Amino acid sequence: MQTQSITQKLANPTRFMALSGAILPWLSATAAVIIAYAMYRGWNAPPDYQQGETILIMYIHVPFAWLAMMGYALVAFSSFGLLVFRHPLADVSAKAAAPIGAAFTFLALVTGSLWGKPMWGTYWVWDARLTSVLMLFFLYLGLIALRSSIEEETLASKLTAVLALVGVALLPFIKISVEGLSIPWLGLEIPAWNTLHQPSTGMGSTIHISQRIPLLLSAFGFSLAFFAMHMKAMRTEILRRRVKALRIAEVDRARAREAVAAAE
Amino acid sequence: MNAFWTLLKRDIRLAMREGGAIGTALGFYLIVIAMLPLGLGPDLNLLSRIAPGLLWIALLLSALLSLGRMFETDYEDGSLELLAIGGLPLELVAAAKALAHWLTTGIPLALLAPVLGILLNLDIAAYGVLVLTMLVGTPAISFLGSIGAALTLRARRGGLLLALLILPLYVPTLIYGIAAISSATLAASEAFWPSFLILSALSMGALVLGPLASAAALRIQLQ
Amino acid sequence: MQLTIDQLAVRRGSRLVIDDLSFSAKAGQALLLTGPNGAGKTTLLRTIVGFIAHERGTISLEGGDDEREIGEQSHYVGHANGIKSGLSVSENLTFWAEYLAPDAARTEQRDRIFEALERLNLVSLEDIPAAYLSAGQKRRLGLGRLLVADRPLWLLDEPTVSLDTASVALLAGIVKDHIAGGGLAVAATHIPLGLEDSAELRLGAARAPA
Amino acid sequence: MDLGSHAAFIIASYAAAIIVLTGLIAWLVYEGAHQKRLLEDLEARGARRRSKSSTATKSTANT
Amino acid sequence: MNAFWTLLKRDIRLAMREGGAIGTALGFYLIVIAMLPLGLGPDLNLLSRIAPGLLWIALLLSALLSLGRMFETDYEDGSLELLAIGGLPLELVAAAKALAHWLTTGIPLALLAPVLGILLNLDIAAYGVLVLTMLVGTPAISFLGSIGAALTLRARRGGLLLALLILPLYVPTLIYGIAAISSATLAASEAFWPSFLILSALSMGALVLGPLASAAALRIQLQ
Amino acid sequence: MQLTIDQLAVRRGSRLVIDDLSFSAKAGQALLLTGPNGAGKTTLLRTIVGFIAHERGTISLEGGDDEREIGEQSHYVGHANGIKSGLSVSENLTFWAEYLAPDAARTEQRDRIFEALERLNLVSLEDIPAAYLSAGQKRRLGLGRLLVADRPLWLLDEPTVSLDTASVALLAGIVKDHIAGGGLAVAATHIPLGLEDSAELRLGAARAPA
């Protein structure tokens, strides 16, 4: 029942401001500590026999790649909340999550490229998984661009939500078409558009335990950091909406004063 | 369904009568393809090798950039709100308009493609397959594109924005469209059918998703 | 038939433009919506049609077709006329006749279109592209919709805009006939339409936000 | 610490992460403070105006 | 000339504030470049060979399609007629607006090009030359493009039509822009300067011709 | 100073909208342009500014600056306000002040802008983006141009549109001051501006095409 009361509290922007104001400092601090510890562990682990010291990039690259996808899931989930339940905070959440998710996607691309140069000899190859992350980045860009180009706020929110959900419907197809799909028991075999990337290792199958723990810690720490930033962005967005409402009220009051003056 | 045909007929008639719409898209396609040899150099082997891809991408851009006004004139002259309460579900209104766009832009562009293939020294053997895959693939452009047109109806920067939103959604169509052509020309023709079937399936999917999402967006726009 | 609005509240942006509005209008009656600029007349009409979602309250059409939305039982005349300048006058009207009443017989449709043209003084312009019409002629052509397909509820937003005196009288006659036939009309207007059987609903000036 | 022959790439990727994330956080903090300032400004002004108008014309004080 | 700076400052400020304008063009550029390997295949050798041409053509399209609104908002909100009688010759008004477009779109696009070069595996040695030639060549896009923007101000199909009209005018810029890059990368670097100088001359010409022709077109539009 | 129009003829499309029109207006005088819709008021004003070319006749401003076109000595207020919704109220006014009077001293400019805001009742809205303004407030902001840069000839096309009564009086005051200072104003309007020193020029209804 604790969770229910929290959701109820969060349902109201004022409550959200109070609650998040109390949580945010702790959340940020925890995230920072965990990331720091993960980095300490990671940088002191023995180098990988295959990848050498470049394995250090993994501690940030992989969390960024995961958070890129999680960020889109958050946007989609919030968009669904807006369109179906018309929850006022859902839109605030969707709007706040998009640029943060885009930033993590960008970082996944950059760190991946910087890993690729020593491993493959080139910054970029048109490998399947890289390509689908790039497409994810474009979906983020689309969300941000659409929202920024519609003046009316409620309109922009709902339209962006529709786009986010269309993206969800098509993401699997985009992924399959670049990465291929194989379901042996159905006899289904769609070849990848191109395959060069490391096959997905699955958690820990090739990664040594001394690297797996820092990686998991780092992923956890960056996830907390993501949520802290998201919370901060939501708070700012709520303030921004209040400013806007007050400005409109100001104009209305000016008009009302004029009406009174005209009547006198 | 009668109302559907009425609307479709009207949209086709308007496109024919205004003329410019079809002509502009075709002209743009032509010019972009004509610029490519200037930019890529006159190596005919190279050009013929990448011709299918260039033809597809340029077609995508022309179709996409001509989509902008799909709902715009109807919105501005007040027809759209009347269409919305006319009795035909808004999903079918969107479908009729996307279909009209395919008939008046998608098909002409697909038919123009082999002609432009000459400029890029495309292998003659590929002409048939090129047109076939394009005819099968272009409905996805019109129907997915209608989502973009509906979303950007009241946005400040229509054209480019629409392309930005919708291009990533075309990745599957593009990949399988080109896969079908290459497998046909590279004599690996047993690989043609899977790609072609997937391409058809994608277009069928777009036929469903497009109208649903566009109608949702249009309802929001009418508020 | 009766249109009933109960405790309606509609929000636009951050402002409640309509707050706690209740009224009802019966068949055989025209309801005139008046009030200063920004009072919410357009907002109310578009909410009834179903374009704008309302925050609270109910809108119902008793005695209507329960299977269909209110909008689909209404003719809405807004600021724009829904005319394609690339089509001729009769093509425009024919389109709406076929679109709005797809099941009607061809001959009946043609008769009604001709009748509408005649009644709206547009017969001589029949084959002219709508692009060449003057503002008032365009408005009359837009009103033609009301005559080519039957719908019980008419929602008219400033229908007299750009009409001259003779045309206003013509419109009043059309609305009167509709009402006499058991129809229902709600019209936002600054000009009296000259209807006998009409009630007036005056919306107040916009409130300043709390 | 010896980062091997690929030190530049490791440093570059960490630097990129630090730059982007610090930039993002700085932007979030700045925007938060900025909106807060605007809000306080508006509230202060609104309060002043309301009290002024309530002394001038008592009837319009409850807007 | 003070009025010129005032106008330039305002236009830049508006572009910054609306934000989307710059972002949309950059995003479009990015997406078009990213779609190309999907169409042409992931062969890095091939891609790096045709990279300069693709980067130039895609940049041309992005800049051109973002031009549509150069005069449009000013026309719609009545600013344009006030600017016309403000005392600054209409030629300089057009020049200020084209310059603002170059500063807010041409330069960002040119700076983005090498980043996109990574995606096409462009030879690292070419980066400097690429940016340099683009910075020198893009003014021609903004200034010649302003003619198209002025001509299509009241036309129904802004974007595509504008591109259709103006793309042929860019052929010289395109050819010498690419020639300059290729000569620099192919170690035939003594051939770089002639191309580069011609490119600069073309831009200078556009700087003169663009405002003259746009002002003439605008005068007609204001009637 | 005197604005003289002699045997002016202006063609729009295939029609001579203005034909053989002659009149003159002196400094210290306001000339009101009246007439039914389509009479050519807007056409005349835009011809004087120089946007529309005339077919015959002459337009001259005696006592003006012979080096500059008439348009460059005029303030023109048309249907649109020339306001950027992305800029705040004071940014909008500052832009026009700097653009129209680039040689004025900074401090003087600032004083005039402030004065204009005060006179137009816009001080409290100074920092608000113009997008939020109501139609009437936007119109007043557009009129601010008249106050931040001096130009002898004012050409006003329905300047009172969307202004309420108090603002119309305010505008009349501004025009009166301009005239009293030796300026000249020509205004097309349907509403009397309440000016004493004003002449009226009534344009006839539009002729049918020959």
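Labels A, B, C, D, E and F are assigned to the chains in the order they are written; within every chain, residues are numbered from 1.
What we mean here is this: a contact is a pair of C-beta atoms (placed from the backbone, for glycine too) under 8 Å apart; a residue touches a chain by one contact, two chains touch by 3 or more.
Because the structure is a prediction, the values reported are computed rather than measured.
Undergrad: Touching chain C and chain E alike: which chains?
TA: Chains in contact with chain C as well as chain E: A, B.
Undergrad: Return the chain pair with more inter-chain C-beta contacts, choosing between A-C and A-E.
TA: A-E
Undergrad: Based only on mean CA positions, could you tell me how far chain A sits from chain D in angstrom?
TA: Chain centres of chain A and chain D, defined by C-alpha means, are spaced 20 Å apart.
Undergrad: Using mean CA coordinates as chain centres, what's the chain A-chain B distance in Å?
TA: 31
Undergrad: Using mean CA coordinates as chain centres, what's the gap between chain C and chain F in Å?
TA: Comparing mean C-alpha positions, chain F is 38 Å from chain C.
Undergrad: For chain D and chain F, let me know how many angstrom lie between their CA-based centres, rounded off.
TA: 43
Undergrad: Hunt down the residues of chain C that sit against at least two other chains at once, touch-wise.
TA: Chain C, residues with two or more chain partners: 208.
Undergrad: Could you list which residues of chain E touch at least two other chains?
TA: 18, 20, 24, 27, 31, 38
Undergrad: Could you list which residues of chain D touch at least two other chains?
TA: In chain D, residues 49, 63 touch at least two other chains, as defined above.
Undergrad: Which positions of chain F touch chain E when the two form their complex?
TA: Residues in contact with chain E: 49-53, 68-69, 71-72, 74, 76, 78-87, 95-96, 98-100, 102-103, 142, 145.
Undergrad: Under the stated contact criterion, what part of chain B meets chain A in this complex?
TA: Result: residues 147, 151-152, 154-157, 161, 164-165, 167-169, 171-172, 175-176, 194, 198, 202, 205, 209, 213, 216-217, 220-221, 223 of chain B touch chain A.
Undergrad: State the interface residues of chain B toward chain C in the complex, per the touch definition above.
TA: Those in contact with chain C are residues 2-3, 6-7, 10, 13-14, 17-18, 73, 76-79, 81-88, 222-223.
Undergrad: Quick check: in the complex, which residue numbers of chain A touch chain B?
TA: 83, 135, 138-139, 141-142, 145-146, 149-152, 154-155, 158-159, 162-163, 165-167, 169-170, 173-174, 176-178, 190, 193
Undergrad: Show me the residue ranges of chain A that touch chain C in the complex, using the header's touch definition.
TA: So the residues of chain A in touch with chain C come to 152-154, 244-245, 248-249, 252-253, 256, 259.
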